[in-house]
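The structures come next, written out as structure tokens.
First chain A sits with chain B, and in the next complex the same chain sits with chain C.
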Partner chain A sequence: MDHTPLSESWIKRFNVVQLVLAGILIMSPTAWMVLSSFKPSFEVTAYPPTLILSPTVENYSQLMKMTPFFSYAINSMIVTLGSAGLGLLFGIPAAFAVSWTRISWPAVLTLAARMAPGTLFLLPWYVMFREVGMIGSYTALVLSHAVITLPIVIWVLLPSFDNIPRSIFEAAQVDGCSITRILWKIAMPLVGSGIAVAAILSFVFSWNYFLFALVLSNGDSKTLIAAAFNFVGEGSTQWGALMAAATLIALPPLMLAAIVQRWLVSGLTLGAVKG
Partner chain B sequence: MAAISIRNLVKRYGNLTVVPDLSLEIADQEFVVFVGPSGCGKSTLLRIIAGLEPITSGELLIGDKRVNGVPAAQRDIAMVFQDYALYPHMRVYDNMAFALELRGMPKPEIDARVRQAAAMLHIEAYLDRKPKELSGGQRQRVAMGRAIVRNPQVFLFDEPLSNLDAKLRAQVRAEIKSLSLQLRTTMVFVTHDQIEAMTMADRIVVLQNGIVQQYDTPEMVYERPANQFVAGFIGSPTMNFFPVELRDDVAAFAHDGTPVPLDAAARARLKGAAGKGVLGVRPEHFDVVASGATSAIAVVIRLVEPLGSDTLIHFEVAGTSAIARVDPSMKPKVGERLLMLPQPDKIHLFDAASGQVLR
Partner chain C sequence: MVDAANTVTPDRQRVELAALSAPAVLFTLAMIAFPLAYTVWLGFHAFSSTGRQSFTGLGNYSKLIADTEFWHGLWVTLALYLLSLVLQLVLGIWLAMLLFNAKRLPGIVRSLFISPFMMPPVVAGLMWLVILDPSLGAANYILQAAGLPPSDWLASPIWVIPTIALIDTWQWAPYVALIVLGGLQSLPASVYEAAQIDGASAFTTFRRITLPLLLPTIVTAVILRSVDLLRFFDIIYITTQGGPGNASNTLNIYGFRVGFEFFNIGYASALMLTLTVIVFGVVLAFNRLRGAVAW
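And then the complex of A and B:
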């Protein structure tokens, strides 16, 4: 039919428009944040917004002077890597066990925990950690953030494990493998990209999680995201420094996502396509 | 190398009974083929022997050892899977070496065994490749190689030829047969293909609904089927069946009373079953006779299938479609009239109700 090429080209144009709109929607706050971080403080909240004419790093130098930014960054890194590691340590065997046994309720339970508002956990945890004198410790933060990372690991890996033909595991059983060895030697190497995706997503979600860090940390263990909140004051908010902090905080996850972008997409769709 | 002994084995999945009560003895070094239609329990039985399915009740012995509840890893068996189940992330060499490494075998011995098996299966050239770089036939060989290097007590094959094309299937079938003669290890092979069963087995187990219908050599299963199911399942094209009865001591087709040329012995067997039964004639056991033979069955050819080595003709007898295998030099034509006579010493008679052979 001769109208097919025309409609196809229209579909293409429509797709481009959609992508541009979605891009604007997603990118404009980010762009605004980055631009604002390079504006003088008084221009950040100016209306109408000024286009950046003379970029300044004043906000960044103020941020470094006012706060121990790098020690917060180290705190964030310890908590994020710790909780992502903990999530992988328990999430990989858990996802494998759920896939192996086809008993899915434990996975659903972790998902429910992930879906529940963080405040639900906050008070019991605060009380529990205070009782054992762990408020402000890295352990408390890592453990609490594992509630974020564990369900991510389980649910990213579950379809990957499900996708491995059962007969491969059975062949390994017949070959003399125990279940733990099957996980280690057969299943994990086969879901490598899934594990990478789970690790990255865990990192990003844990890095960005605000609530637990705000309540369960103290001055020494404060993470970047909780520390940035200090710029929002009762009387005045230091928007410039806040934007500079937000830009720096957003950098590691953005860089991580950019580096592994292709891998990320293929890993996320792995469960949907039977190899 | 070991015998396998299955005693009063029952397998249930919830309320569904797959194997009601099965006993079977497989001798040491024997090549036994489980054959039957889909859902007959043959693969379940193999998986039970492998240790991949638990037993509901009964006993399973490999060698002298009772292995109920013994994990697959400790049964010293090797299995070739329908989809080969090679480890996709490992090279062919590592696929074959994996089980030996698990057992802590010294590296030089592993290497020797892998190379010996690879030579036997002509896959030396592929040892460094990943499974995805191999064709179906090559993967099949690797799967067998992985089993062979183990030098296990028992080999299990779960329909390993079903993913191969017809030509390759015939080739690999012959290779497995010759391999079994070289290795002299107990082998259990599951298939739904009766040709595989006939060509490879020392003994065939014909299964239906988890019940052994017959357990015998291929020749006996073919020539002396225990019941109508076995007679119909083994042989291609399938055996022709016609309901027959005795009318005043004369055998006749039950459908229309046309006389059936059965000898006195056959009539006596029918008499023993209240005069009713099912006559079974294999396609190759019809003789085309010259006109004038009074007792012959007159047929009209409906369809001709020339196979080269022989020709199949389709016709109808007493309301039942039938097939006969004839010499291609006959050059039969559709619509042609023929006189057919079942070979008297090759006919089979079954009980009309139970399907058991009438002796």
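And then the complex of A and C:
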């Protein structure tokens, strides 16, 4: 009875209404954050809240004056790039070996980091890094964040390596190529886009990670995310600057996410779903 | 595969393959397995305020059983877990169906729909802290404009758990949607055609065909969300730090504070090991379930 063309067009309209509603629910908080960051200070805390009248960048310039925002950003860059690089360095050959041998325990082992609460590792790390005087060092931060990036790299690249026809490798072996050479000269160029996705996802999740830097960094090596926690106390009356900081911190991962959105499913479920 | 024509011997190959995965394995052992063993050891020790340690055997664990804050933390963890999980599944599946039916939606809009979970959770916490401010926030303004009473949100001991669940759902329901969307796109179109020929309504098709076929994908989403939700940290620490009072003091927050604010490393280790056992138990149970609903 409800299969007449008329009711079908109503169903379509109902879908559009729902889609718009979902879009508003999902996007308006972020939009509000960005909007607030461009409001003059008297308007940020105005009640009832106002939509923007005279946009200004005063919050951003105040943020730069109030905090060493730029050096926090450099810290974040060092830790993020370092841990993503380390993840790729260790993860690419490991993923290739797992794909070649079908012996999967090395890949499963790295997943342990994805499962256990970070505090579980943080307690012994803290004791150990303190023992050798490495609290606050970039090395400690890069190593701890590589625990996050390594499983991402391995599990993003596993299906890519699996997809390369075995015959290509066998032909190279007949020609006397070593496995390392096959990886370097043949396999890696073939999974270039997979490596790019792995690198970007590693960057995003390392950039976003809060807990390790909260304990293992100090005033000089604080990442943006860890510093943002302190902004809450300092900036409780300065919402504009707080929202400016939030907007700037969220910008790099959101921009990168837009680039890789097509490959997000397989990348983020660590192989659990074939997207 | 490896025939006699090969100039490379299988033995040499095996060594090479082992060498390729060695860095990742050694790194993981050094950063995870060894510290984990150390945590177990720490869990059997007590630390005095001066940092001196002494063996207490199961002392930390009997302390844990008698600790009302532990049981409260377990309750908060489970309440937050179940509430968030249900909200994220329902809204995630809803969003996935919407996006699946909106095939002409441009890629950039699609990525905006799923963008929240790529944002740092700390930023999401900051953002919602401002929106949910009890006296000046936009959320209460909207409530009042709609004729509803304002809420204290994160400052209310009663509402803090639902509010945190709401923030996490805003951030992660799109992630569930992304996973479910992947499952939807891999379903064979033929089953829909058969249902259409049989004259099934849209709702019946969803309930009787789509949902059962999606079950393995949904269980996968449940596993991935369970792992994160049971060790919930970032958003709580940035917004309430376990408060007001101890109303949002999850096990992970409690363990962190015991370890790094009160520096009772031994007891914190016992707490974190207990939480880890809970997480692995839940994951294993759901993994079994996934085997049972696979088709």
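We adopt the following convention: the second predicted complex is superposed on the first by the 215 of 275 C-alpha atoms of A that agree within 3 Å, B and C clash if a C-alpha of one lies under 4 Å from a C-alpha of the other, contacts with A are read in each partner's own complex, and residues count from 1 in each chain.
Just so it is clear, a contact is a pair of C-beta atoms (placed from the backbone, for glycine too) under 8 Å apart; a residue touches a chain by one contact, two chains touch by 3 or more.
Remember, predicted model here, so these are calculated numbers, not experimental data.
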**Item:** Chain touching more of chain A, residue-wise (chain B, chain C)
**Value:** C
**Contacts of A:A171 with chain B and chain C, given as first, second, both or neither** = first
**Prompt:** Taking the superposition as given, does A:T139 touch the first partner, chain B, the second, chain C, both, or neither?
**Reply:** neither
**Message:** Contact-wise, after the overlay, does A:I186 reach chain B, chain C, both or neither (first, second, both, neither)?
**Reply:** first
**Prompt:** After superposition on the shared chain, which partner residues are touched by A:V98: those of chain B (first), chain C (second), both, or neither?
**Reply:** second
**Request:** Touching chain B in one complex and chain C in the other: list those residues of chain A.
**Result:** 170, 173-174, 176, 178
**Complete:** Residue positions on chain C within touch of chain A in the complex are 1-2, 5-8, 13, 16-21, 23-25, 27-29, 31-36, 38-39, 42, 94-95, 98-99, 101-102, 105, 107-116, 118-123, 126-131, 135-136, 138, 141, 170, 174-175, 178-179, 181-183, 185-186, 199, 201-202, 217, 220, 223-224, 227, 230-231, 233-234, 237-238, 252, 255-256, 259-260, 265, 268-269, 272-273, 275-276, 279-280, 283
**Request:** Enumerate the contact residues on chain A facing chain C in the complex.
**Result:** 2-3, 11, 15, 18-19, 22-23, 25-27, 29-30, 32-33, 36, 45, 47-49, 89-91, 93-94, 96-98, 100-101, 106, 109-110, 112-128, 143-144, 146-147, 150, 154, 166, 170, 173-174, 176, 178-180, 183, 204, 207-208, 210-211, 214-215, 225, 228-229, 231-232, 239, 242-243, 245-246, 249-250, 253-254, 256-258, 261-262, 264-266, 268-269, 272-275
**Asked** Can you list the residues on chain A that touch chain B in the complex?
**Response** 165, 167-168, 170-178, 181, 185-186, 189-190
**Fill in**
chain B residues touching chain A in their complex are 50-52, 71-75, 77-79, 81-83, 85-89, 98-99, 102-103, 146, 150
